[in-house]
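Structures are listed in the sections that come next.
First subunit A sits with subunit B, and in the next complex the same chain sits with subunit C.
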Partner chain A sequence: MFERYLILGVRSIILALAVIWSAFPIFMVVSSSFKTPIDIFAFPPKFLAFTPTLENYRMLFRAWPQFVEGLWNSLIVTVGATVLTAVVSLAAGYAYSRFKSRWLTLSAFSMIFLRMLPPVVVTIPLFPVVNQFRLNDTHALLILLYAAFFVSLSTWILKTFIDQIPRELEEAAEVEGATLFQRLTRIILPLSVHGMVAACVFVVVFAWNEYMFALIFTSSEAKTAPLVLAEITGTLEGVQWGVLFAAASVQLAPILVFVLIVQKYIVIGLTAGAVKG
Partner chain B sequence: MRSTTRSAVRSVAAVVASSVVMGLGVTPASAETLTVVGHRVHQTTMTGDTGGDFAAEWANRHGASVEWLTFDVAGIHDRLYREASLSSTAVNVGFAANLYFTPEFDRMFLPLNDLLAEHPIEAFDELPAGMLDAMTIDGKLYGIPFRHATAALHVNTAILADLGLEVPTTFEEVLEVARAATHQRDDGASVFGLVLDERAPTHITDIARAQSNGDFLTPDFDLRANSPEMIAAVQTVKDLFEEGVLPDNFLNFQTEDAITLMQQGRGVMAISPFGRNRNFNNPAESLFAGDIISIPVPASATLEGFDAAPVRTEFWAMFIPQNSANHELSWDFIRNAMTVENTIRGALNGNGPVRPSAYDDPRMAELIAYAEAEQAVLAVARPPLPGWRNSARVIDIFKEEMDLLLLGMKTAEEAMQSVQDRVTPLLPN
Partner chain C sequence: MFEANRWVAALMVSPVLILLFAIIGIPSVFVIWLSLTETTFGTDPVFVGLDNYRQIFGDRIFWRATLNTFIVVNVVVYAELILALIIAVALNFRFIGKGLVFSILIAPYAVSEVSAVVMWKFAFEPGIGVFNVLLKQAFGIDFNWTRNPMQGLGLISLVSIWIHLPFTLIILYSAIATVPEDLKAAARVEGANEWQVFRHVTLRVIAPAILIALMFRYIFAMRLFSEAWLLTEGGPARMTEVLGIYLYRTAFRYFDFGPAAATGIAMQILSLLVASYYLYRLYKGMRNNV
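And now, the complex of A and B:
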């Protein structure tokens, strides 16, 4: 009995430490966004004993209108990249799952190989090409880039899911006259939605927070929120920490809510195919 | 089966295409748009409220518009160099800091001598010769200095008064006061007598110049890391660190830390650009707003010919990429930003004006308490390092050796000799 309680206690402590380790920085950022600049770095630190203020948020939206534009751009790029990745990955995952050939296997492993390259290796040589095609500073370019980097992972996740869908279901539909597109959208898609969501989570989190591609390939029209965040760190007044924390909180909120909503799919997606039954 | 496959491919292609098209629709800049790459600070100084938006006034006169592409410091140079290396670019004017100005600029940026001769900048002779020299390669001028940041000594007079200490007038007194002012507050917080922004050669050179007008690297690339002046300077920093006069996290210190310490009253004095006076005295952020004065860094009593130490001044200049269109319009934008009146207006918007006469304007004196002091320092200050391809690597090497010194793993002589040996091969031939 004692041993059981001991194990439970140790587990609880480890869990609590892990939660604190993960959540404390978020707590600091969010709580600091409601502090006056003087309170943010007060000594001794004021974790809870401070008078909350919305001034940092007022200042953010008044002095940094481009942050709102950046959020909008981030949203367009994130949705676009996610949709594109989902569509391409579903089609590719289906092909890799249902058809067998040497070339398909080669292309599947090529995708993994390309994914292993550091993004910067691909990025810099792309700049003159992108410039030549006048794709610089467009949402479309970021959508394509982000999707390109996640199609491989998403394809493999979806392939694993589609592998588990009985072929008989498709064959029955085919006998009834269903086209390939109908089988893909009415049978494969609904049955692999967990994998689709799991794959999309990775794209959403990456596209929403990505900095390097956006820095290199955007200027003003498609400038995303992380770039504006970086700019807030250097103004005439030095770093406006309160404003920065407010911006970071606004940037963080949607992705946090999204991940909390779909977290169960992440687990399902990551463990798919782990146990064959 | 072939038809169904084709229809599936068509459908997928349609969805993919619509996803991509959803992101299109960006209108390319019009011919009348002047695109400027810089920091938001540059934009603010040309478009601020106090001095007015003289960039917009210029644009209205020309029926043009100014598009600002602003990035953080590294991003500015990255974007500017990349754009300037293409066959053509939409960027018309770019800002670059003096340390980033390298001999390779002659391949990417337009020499401005002809434009200057044809359409001169008002009172051009007034611009500091040292800054112009630093922007010149083989007699060709590539950049027009616009904004400077020159080091000052910021002193928290309230803490000094509490401790019964006087504002120092020589560099020896700076060190004495820093030592005397280092203490522990009643709430347990450590108060540091002196704060330096970081341990880079750009900043340590301030100490060498205040003590003995020493230099780490001269404009003609004479490396003096192992000179007695530099060894004495790093030894001073080491002593201050060991005695707890410098912050205990100095090995990992950045400008933002220096600002925070001064605002919280945990730093008594700081060697930092004059412009920081605004931060230190900002009532919304500082516990000592109004108590922190900014004065020239006093020179050593033994340094003849200097009241104010010849500390570092770093500056930003404007450049025109060779591969850009409409060079005349770009040049006119630069000329407009550099008129005597607009230099003052920019200063009122928060800029460090490169024209010494700007400090004589009564509007400046009224708004900026340290205007006279900054003018005095600007007369003797000089850039800490020349810019060249390897300057960033050299700064890293210097920091590494400073860390070994501060951690007690090397003596000042050993650390600086090592810097000398490691940096020598990196110098231009």
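And now, the complex of A and C:
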């Protein structure tokens, strides 16, 4: 009996520490975004006992109109990359699930192989090409880059989901005269909605938060929110911390809510896409 | 109906393959050629043989960046593995509010590198950050990571662990949750204590998941760029550069694409070495499935 309570106690302490470790940095930044400059660096820190103010947010939107544009660009790029990834991965996932051939196996293997290569390396040869095609600083370029690095995982996740849809359903539909496209949109798509979500969450989070490609390939027109946020960090002078926290909170809030809503699919997707195979 | 459709299959996988080869495959091979040439903004590449490799291998900062990458990657990957294992084991029982705890534990996955850097910079800001003040008052440690390279690398590792722990945790927790209860019960009947049950039952069942998590984290940790760049930009005096920063600086600050490409080749080789066993197993598995 004693041992059981001991184990329970140790578990609780570990989990409490883990929760503090995960939540504390987020909590500090979000709560500090509502603090006055004096309260922000008060020691010991004021966790809840402070008078909230919206001044930091007011300053942010007055002094940094680029940040709003950045959020808008991030939204366009995220939606674009997600839609592109979803459409092409569904088609490929279906093909890998339903058809078998030596050639397909080889291409599936090459997909996973390419996923292992470091992204920063491709920026060197892509840089002159991108300039030549005037793709520099465009949404389209970021959409293509982000999708390229996630189609492999998404295809794999969708394949494992489509594997579980009985072929008999499609065979019956074909007897009734359904085309491949109709089978895809009327049977496969509705039955693999969960797989679709699991296949998309990763590219959504990546595209919304990505920094390196955006740093190299955007300068003004397509500059995303993380990049503007980094710029605000670079111009820190004394009282600017509050503005920075407000910006970080605005950038973080939507994606954090999204991740918490779809967390079940993150678990499903990781186990289907990474662990299997 | 699922046999005679070779062209349909090719058509359906082609968008993914075109995207992959245009953005990753062909450029990754083209880098080999670039690494053998001298080229900068607007000039045509001139073949120079192995000069770029000689240049980076003779560069003290390249070796420093390699060493830093090695240190940070290993610290990050194993710290994550141990932390994730402990948390996953602690989490593996029924209790009220488990869903909420799990949500909080994976929340850092949603945080961008930039925001994470803002958070930790605030906590460790020299002189005023809450942890800096605490370290000073409690232990007399002057944690000035902007000046001390080892402390700089320490903070980079810390931020990196914080962001990526959810990935390892999810994989290990999913694996631990599948360990059959009767297997553990059987071991207890045989007289095993909790530690022995963990070592000989749980750990053995989840070993493949640990390997997968390790391999993926090694490959992704080697790509380290954003946290490091945003925290120190490789400073002071390029002492905290990692390979990603070395490549970026050479290519996009000095516009010296040849040596940057050679660095890229080094990174590719390292990544593929780590992935080789996994890729080999995968290839064999796939071939047997046809």
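Everything below uses one rule, namely that the second predicted complex is superposed on the first by the 249 of 277 C-alpha atoms of A that agree within 3 Å, B and C clash if a C-alpha of one lies under 4 Å from a C-alpha of the other, contacts with A are read in each partner's own complex, and residues count from 1 in each chain.
We adopt the following convention: a contact is a pair of C-beta atoms (placed from the backbone, for glycine too) under 8 Å apart; a residue touches a chain by one contact, two chains touch by 3 or more.
Every value quoted in this text rests on a predicted model; they were computed, and no experiment measured them.
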{"item": "Three-chain arrangement built on subunit A, subunit B and subunit C clash or fit", "value": "clash"}
{"item": "Which superposed partner A:222 touches (first subunit B, second subunit C, both, neither)", "value": "first"}
{"item": "First, second, both or neither for A:105, with subunit B first and subunit C second", "value": "second"}
{"item": "Which superposed partner A:177 touches (first subunit B, second subunit C, both, neither)", "value": "neither"}
{"item": "Partner chain in contact with A:29 - subunit B first, subunit C second, else both or neither", "value": "second"}
{"item": "Partner chain in contact with A:37 - subunit B first, subunit C second, else both or neither", "value": "first"}
{"item": "Touched partner set for A:83, first subunit B, second subunit C, both or neither", "value": "first"}
{"item": "Comparing the two partners subunit B and subunit C, which touches a greater set of residues in subunit A", "value": "C"}
{"item": "Touching partner for A:116 - first (subunit B), second (subunit C), both, neither", "value": "second"}
{"item": "Which superposed partner A:91 touches (first subunit B, second subunit C, both, neither)", "value": "both"}
{"item": "Which of subunit B and subunit C A:134 touches, first, second, both or neither", "value": "first"}
{"item": "Subunit B region in steric overlap with subunit C, selected from 7-15, 43-51, 61-69 or 79-87", "value": "79-87"}
{"item": "Shared subunit A surface residues [contacts with subunit B and with subunit C]", "value": "41, 43-44, 87-88, 91, 127, 144, 180, 215-216, 227, 230, 233"}
{"item": "Residues of subunit C touching subunit A in the complex", "value": "1-3, 5-6, 8-10, 12-13, 15-17, 19-25, 27-28, 30-31, 34, 83, 86-87, 90-91, 93, 101-123, 128, 130, 133, 162, 165, 167, 170-171, 174-175, 194, 208-209, 212, 216, 219, 222-223, 225-226, 229-230, 244, 247-248, 251-252, 257, 260-261, 264-265, 267-268, 271-272, 275, 279, 282-283, 285-287, 289-290"}
{"item": "Interfacial residue positions of subunit A with respect to subunit B in the complex", "value": "36-38, 41-44, 76-77, 80, 83-84, 87-88, 91, 127-128, 131, 134, 137-144, 179-181, 184, 215-216, 219-222, 227, 230-231, 233-239"}
{"item": "Subunit A to subunit C touching residues, read off their complex", "value": "3, 7, 10-11, 14-15, 18-19, 21-23, 25-26, 28-29, 32, 41, 43-45, 87-89, 91-92, 94-96, 98-105, 107-114, 116-127, 144-145, 147-149, 151-152, 155, 167, 170-171, 174, 180, 205, 208-212, 215-216, 226-227, 229-230, 233, 241, 244-245, 248, 251-252, 255-256, 258-260, 263, 266-267, 270-271, 274-275, 277"}
{"item": "Contacting residues of subunit B [partner subunit A, same complex]", "value": "1, 4-5, 7-8, 11-12, 15-16, 19-28, 35, 39-41, 44-45, 67-73, 75, 78-79, 82, 86-87, 187-189, 255-256, 259-260, 263-264, 266, 275-276, 278-279, 282, 284-287, 350"}
